[in-house]
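Pasting the structures in now, so scroll down.
Across the two complexes that follow, chain A remains constant while its partner is chain B and subsequently chain C.
Moving on, here comes the complex of A and B:
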């Protein structure tokens, strides 16, 4: 008895000492982490906050710091038919691109993850490749190819080019979720007599909802404010908002531009909040 | 429904996972696939269920060749090693899924689901989601989900491994009752030899993708055909024939060259000795297991296990020189093959 007591005492003291040392290290680590986190959040949000601040300035040109406070630029914005039309065009393009991308991405991802065929790895690489290309390349390529087959710049051309541009995001998100998904779920459904189609809709698709919504949201936002692709593929007669905004900045330094940007920031923010509430933030990861 | 597995081979790329596996299972029979991890048990089950297509060979269910039939047309129930419960459905919805597929009406579904839940004692968990259940509870849901459809063939891949000993026995008894009552032909996979001995009509012992022996538990225990089977089921001393021949009562019976002799520990005897015996050793370890005493005897550079009844035997100390012999020469079996590191 007494023997074990004497041997155990220095041992506990040692553990306690090491415990204190590691606590200090833990605390320093946590502090550094907190500082980095705060810096990152500032770095990401300050540009947006500056734009929003400028949009309320009373001066007739963009400048920082803003002076006074007015809603005038917002009122101007809504008074311009050109901008309202462009916003509607952008919404249409965004909706169509999202639907088209998802309609292609879901089956493609399923085939790439679950399929057993020759060249699967190659197909996988190919489908994700446009993500590596700058949007401008895709825009120019579409324009030239369109000219070759006598297909003119139009909303349809923007939608098709943007789908090529956005598809990899959507495919990747659905693939990421599918890879985590236990194939035994589908096998269990089959063994209970369900057809492959029924299994897909009742079992697989239900597990993909989060990834589909998240992928759809990213495509929708990207398609709404993409400039590089739209610049080359949009018809001059019906310009999407991004192109309109680009022209506006080139010829005008009115704070209206900041007002428009602020509204876009707000819209993206609302979409993300709604998404996070609907499917949970952790589901938005890929 | 009788199951016929004929000469199945399965390759995964270069890996030859199943080698000429054949099983002929009678209607209503319960058999167990037993074997070391990675020997191909799951793969064989998956071939029968239709999740894998064998590279060659046939699967025949109730006289119909189903080798090319997709799993959803085979009517085979499957309980997965990792449960595979649908996470977006409650326990009750998981159970009702197969019934919905079969277009059972609402009241039938409700009744059957309740019955199946009661069977696995999970009635109060009907509205919970699988993620909120313990491993053992999830496993019971998986079993109930397969049973509720009353399949003609039921395949269970280690369906009891997450249950504690008491629950396991209770579930095995329940399962056996239903299986007999409904006449379900059942194939179980397990690592647990006691489970195999208690629940099966016949056992198929697999090693490295081959079926070594397919026979009743008694036959497997009493007359194993390979050293691997002998070693895997129960404890066994596997000795080369020329060494076994030195046991006085066995003598010439064990002299078939190039074979191994299986001697169960309860069939070996020890007695203290002073003189030189043909097969002598020393007690290396002794352990009392209830009514018997188990020895580890070092003889001829190997360790032999001996189990003797304490009633007619004075316990021997460690280090005692002993002479070895067998009790019943008839109970020693000659087998082919060898076992590395067998006790």
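Moving on, here comes the complex of A and C:
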């Protein structure tokens, strides 16, 4: 990587004028930078790879290096009703949260970008506010509010609280795309005689599809994985997968936990490849 | 009917497309937050309000408790150290991202975004495996190499918690830095190099100050996340390891003292906002200072 740095040196740089000392310092600086960057790359990737490796171990405990190769822990996983039920619960919560979030977020983003009304700045701030709060605070507040109005912890409570937590992601993604749209396209459609309804669905909405998919995917993943909100709002009788996994991590030391984690890592990887192909990776950055 | 609704939206018709979301947040966000606030100051038992008497008792109880301040101090330094090391590891990669070709840029971006799609719980679990006891990855490697004769005790310590926080929050630091660094104007750097400044000097005098907005964004996010995280301290810090966020969880879920849990959650939230504000103000001041110097 230090080579790339040398080649990117601009032609205007008068290398000859610079002393040997500063060249040595530059070399050292580039080396330190490259070493740290390599460490960061390893930090980002190696932990997940280790979990995947350990999920295939034949030993009954978690240990490194893994011994032998077996799918036993994956089989164990699918044999446990508790985990399958939790996964189904999480899928339901994720699907409902995504639908509710998008149904609220798309018109909200439209109103906030295109609308001109008193208090628009305040409304935008309110809608993105939950994102600045820790999930725990939203979970606790919903739990307390539920107790106050005699509404018990349930899947519905998880969905309602997670929608508050996820709404900002969805709104911001759709808003970002809306502000980039060329209004000339909509004007052209209208002036060519298309109705406003038709223009909305065929011109405006169609250009938002990428942002909606990206926003929806993020909400779906967050709602599926979320622990900090779910821990306070989920009923003890129907736990989502994240809460189940949380208990397993604390009290179960078998490689089955590694197998479950590996499946989540694999799923995340597949989702990312699909998203990158569908909407482009750059858009995921917002 | 539907057509007329769409018509109104198309006219750029004011507030009402945002009304459902707004209403939703009033009911399911503002009202719960108000209840949380109230529970910090009104006696409650088993989730029901005992009397409508406003009291500062819980607030004073917490603030005069030495234990609280010890626990708070831990939340604070864990947050600060995690943010610092996160920055230290994130910046070089974000900077190199702007120097390499498109293909490598893509690899760096995938490596950064992919962990965001896996749950933080799975990533915390990975550290249990890596740092854990005798058979943990680090100890297994160190002992195989003959560097240590007895397994090191790494798990259930500040070290484990901070390592976990740094690694798990890295993407939140890298992404804003990449955004700012890749849109930077490179003329200043070229000028600096052309005038004979070394690359190291150019980096510290031009590149680093110019990326201040990304540094502020990254550090505030990572600090807020580290300061309020209770999963990582619980799993990597072990049983006796408490931070303010861990206490909030314990008082509300385990001890069921909701008054104390509410007041702790409010203190956590308010102090977090204050620190984020301080980081932002300090960052802005540094930005102006470097601009004035340049």
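Things to note:
Simple rule for what comes next: the second predicted complex is superposed on the first by the 232 of 286 C-alpha atoms of A that agree within 3 Å, B and C clash if a C-alpha of one lies under 4 Å from a C-alpha of the other, contacts with A are read in each partner's own complex, and residues count from 1 in each chain.
The criterion applied here is as follows: contacts are C-beta pairs under 8 Å (C-beta built on N, C-alpha and C of every residue); 3 or more make two chains touch, one makes a residue touch a chain.
All of these numbers come straight from a predicted model, not from anything done at the bench.
Contact with both chain B and chain C is seen for A:196 once the two complexes are overlaid on the shared chain.
In the superposed model, A:187 lies in contact with chain B only, and not with chain C.
With both complexes placed on chain A, chain A has more residues touched by C than by the other of chain B and chain C. Of the two partner chains placed by the overlay, neither chain B nor chain C lies in contact with A:154. By the touch criterion stated above, A:25 is placed in contact with chain C alone, chain B being left untouched. By the touch criterion defined above, A:70 lies against neither chain B nor chain C after alignment on the C-alpha atoms of chain A. Residues 195-196, 199 of chain A touch chain B in one complex and chain C in the other. Touching chain A in their complex are the following residues of chain B: 49-51, 70-78, 80, 82, 84-88, 97-98, 101-102, 145-146, 149. Per the touch definition, chain A reaches chain C in the complex via residues 1, 4-5, 8-10, 12-14, 17-18, 22-23, 25-26, 28-30, 32-34, 36-37, 39-41, 43-45, 47-48, 50-51, 54, 61-65, 103-105, 107-108, 110-112, 114-117, 119-120, 123, 126-127, 129-130, 132-134, 136-138, 140-145, 147-148, 160-161, 163-164, 167, 171, 186, 195-197, 199-201, 221, 225-228, 231-232, 242, 245-246, 249-250, 257-258, 261, 264-265, 268-269, 271-272, 276, 281-282, 284-285. Within the complex formed with chain A, the residues of chain C that make contact are 2-3, 6-7, 9-10, 12-22, 24-25, 28-33, 35-36, 39, 47-49, 88-90, 92-93, 95-96, 99-100, 106, 108-115, 117-130, 132, 135-137, 140-141, 166-167, 170-171, 174-175, 178-179, 189-190, 193-194, 196, 198-201, 203, 224-225, 228-231, 234-235, 245, 248-249, 252-253, 258, 261-262, 265, 268-269, 272. Residues 182, 184-185, 187-196, 198-199, 202-203, 206-207 of chain A are the ones that touch chain B when the two sit in their complex.
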